[in-house]
């Protein structure tokens, strides 16, 4: 491999990206935009769920319970209702997502039987929110008294078991249960996948479309030299983007960073190899820019968004899908990033996912260099 | 004829098929050192396909190409150093400057540093582009783009240069400049293979191959080609309104091998000038077209091509 | 026979400027109805500007441009329905049939519906496309496409037809057939303006206007242009040592230009130096023997090159 030729290609590629407003926008603006839009917009936590209360008893006890709900940051207590009809109306009108009915025998059952229950009626059009809301409600109740349980009016007829023993739970590594803390590292992965693949997927296709590739392949330049030379500038751009995203994550979004920058650098480098390699392979296979960019989006954004553990936890997915996620390169990087940010893991701790990424990188590099042919056909 | 050693390019029985059409059908030819060899033919004749196969960016389906003794089909990389290819579409980077493009190709071809500066200055000056070094290639005029392409093709001093329709769309003055550069190269021993649809450019080649629908119909020097024509050209000069009547009159006469009207007269290929010119004079007078004058003129490649095609159409 | 010899297209001291650049600099000519006029000139010479003025797309800054009596300076719109245009790569719709293309252009130009069928039939017949009328244009060979494009351009019976390099890259048989069609169209009174770089194409024009830097440098039949006295004499020289002869000749002050044509030189000399003998003498002095020195008729390209200014052509950067 001739170093001069590789550098010549890298220099040319860099100049072209620099002078092309669209490429620059993708390389520099898009990551920033994504970070801000998704960083602020995406939150899996739910706050201020509108809550309706139907207090049939109206005792001191029930009032104390309602105080707990009012004080909770999960709920926003709306006007009290006094009939079931009014409650149903409130849910239908969207005035509340969850309604709690305190039965008229509430305090009596508590003192005589030792346990009681309240009824929760949830607007389950968004079952995720409904389930969460009920869960939060139980949490509020537990804080009030461990012997009060919830009977949930919903598709699940089972009632939640009362907890006679108080369980002290501690959530490790993300004490605030801030969803942002585990979303943003994943976001970094997704941005890099998108930017990296988009930029490189156009690189060869553009030259074929403009006619410059026909001339280039008539020269002594080899496929490997071309690949390395073309990817070098995108590597640099990718690393810069990653740095910017990480800095934003840490200093703007206050995501804790407990790991070493070196670990981050090495793993990011590996991930970039994979992503850029995929983009290059796409570009070598599809000689139209439009086609290449579409395929790039499909092969990078979609899997990384859906199946890498970025938004939806992998262990909640059906078995078959879980198996498929092993093929999603984003999965390894997302878990690596979360580990570095939140657990402070070092290279030694991450041998397995790093190994997987490395294997992936080698396979992709082999595919990419084979896809490129020095022929106009 | 020179010996084997001088044969720089040898192509034998080339065939190239695409879905629905056979672009090149059994083509064979040779090119000698320092020749200016031209593939001449209309669009769709197969010129670009031929050039691409010679540049080894496309493989023939059948046949062999040897370039300076190297099998270009089996081992294309071995001969890439020695030749340059200028594709039909402008192949340089429009978002890079003239200098950046030249520098890029100097690097690709590993031109030694010491030679680089001197060579690029000389080549750019020869094309009149020394003041445009910092201009983006995309902002050059058509003629300048072609000259830039040629500069980059020559930067590593190749033995062989392949040019696919380099003068298409370029105005005649720039075309002359271009050909002057090409002839200068030949004088220095560079072998040039060029393709063109401009039949009048065929006259400038040392040898040419007439390409029509994938076949090499004739492969000779321009003079030999002219001699192949069985007759001589005459022109009947007349005004526009008389063109059609003159064509009619001539077409009815014996010994007319081909008649076509141009803007200010009618060109006719006759089998025997001495015999036919008086006959034509008489026929024109009889038709009341006495103001038309008859002259002998040299044959041009368009006449040759036309006559040969027509003859083959009649026979085929 | 052509229509009565009235001028169909007239330019009188036409001027057009773009900023402080004068694209058309006092251009005058007169084209009679039924004439085929060629415009030859380098890029940026003003050819396309002149064409655009006569298409009604630009207004002249000074002088007059008249088409069929309409003053384009005052009423450019009026000319639109009277002109036809055929561009270099034919603007035909590849995925429509020949007949559909004709139909489309008939509608675009608002050919009266009572006449559409008849004109379409005639266009197909003249182009020789009877068997291919229902074929997709993408399947037609170049020659057919050309004649179809011409048919589309004249469906609405324009008085003026603009052609932009219509036969470049076309094989000589198809080219000849096309120009026969053009001449026939001109015979019916249509005035044809052709813009081209292609000498073989310019030869088919009745008259040629050579344009350089916004001015008409020469105007006449191809023959008149070739014999323009400003060109000088052209001699063909055949020598064994072509390069040597070239160097010697280029050094002589009375030699305008030396160009290599295959294995011979075309030498353009200043008029006074007529005799081949003088040339031979010069070469002999330097020890060069030549097998042939003859006077040749200049080609159209010679006249183009000699008459168009050879000074540094202004390379205007593309926007």
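Letters A, B and C mark the chains in the order given here, with residues in each chain numbered from 1 onward.
Heads up, the rule we're going with is that a contact is a pair of C-beta atoms (placed from the backbone, for glycine too) under 8 Å apart; a residue touches a chain by one contact, two chains touch by 3 or more.
Predicted model only: the values in this text are computed from it and were never measured.
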So how do the chains connect up here, line, ring, star, complete, or something else (other)? line
So, comparing C-alpha centroids, which chain is the farthest one from chain A? C
The larger set of C-beta contacts, choosing between A-B and B-C, lies at B-C
When the mean CA coordinate of each chain is compared with the mean CA coordinate of the whole protein, which chain is closest? B
Counting only Cα atoms for the centres, state how far chain A is from chain C in Å. 65
Separation of the C-alpha centres, chain B versus chain C, in whole Å, is 21
Per the C-alpha means, the centres of chain A and chain B lie apart by a whole-Å value of 61
Listing for chain B: what residues touch at least two other chains? none
Sites on chain A touched by chain B in the complex: 2, 4-5, 7-8, 11-12, 15-16, 19-20, 210-212, 214-222, 374-377
Which stretch or stretches of chain B touch chain C in the complex? 36, 41-45, 128, 132, 135, 138-144, 168-174, 176, 179-180, 183, 187, 197-200, 203-206, 212, 221-223, 237, 239-241, 243-244, 260-265, 297-298, 302, 305-306, 309-310, 313
In the complex, chain C residues that touch chain B: 1-2, 34-36, 38, 41-44, 141-142, 168-174, 176, 179-180, 183-184, 186-187, 197-200, 202-208, 221-223, 242-243, 259-263, 296-297, 299, 301, 304-305, 308, 310, 312-313, 315-318
For the complex, give me every residue of chain B touching chain A. 52, 55-59, 76-77, 80-81, 83-87, 89-96, 100, 103-105, 107-110
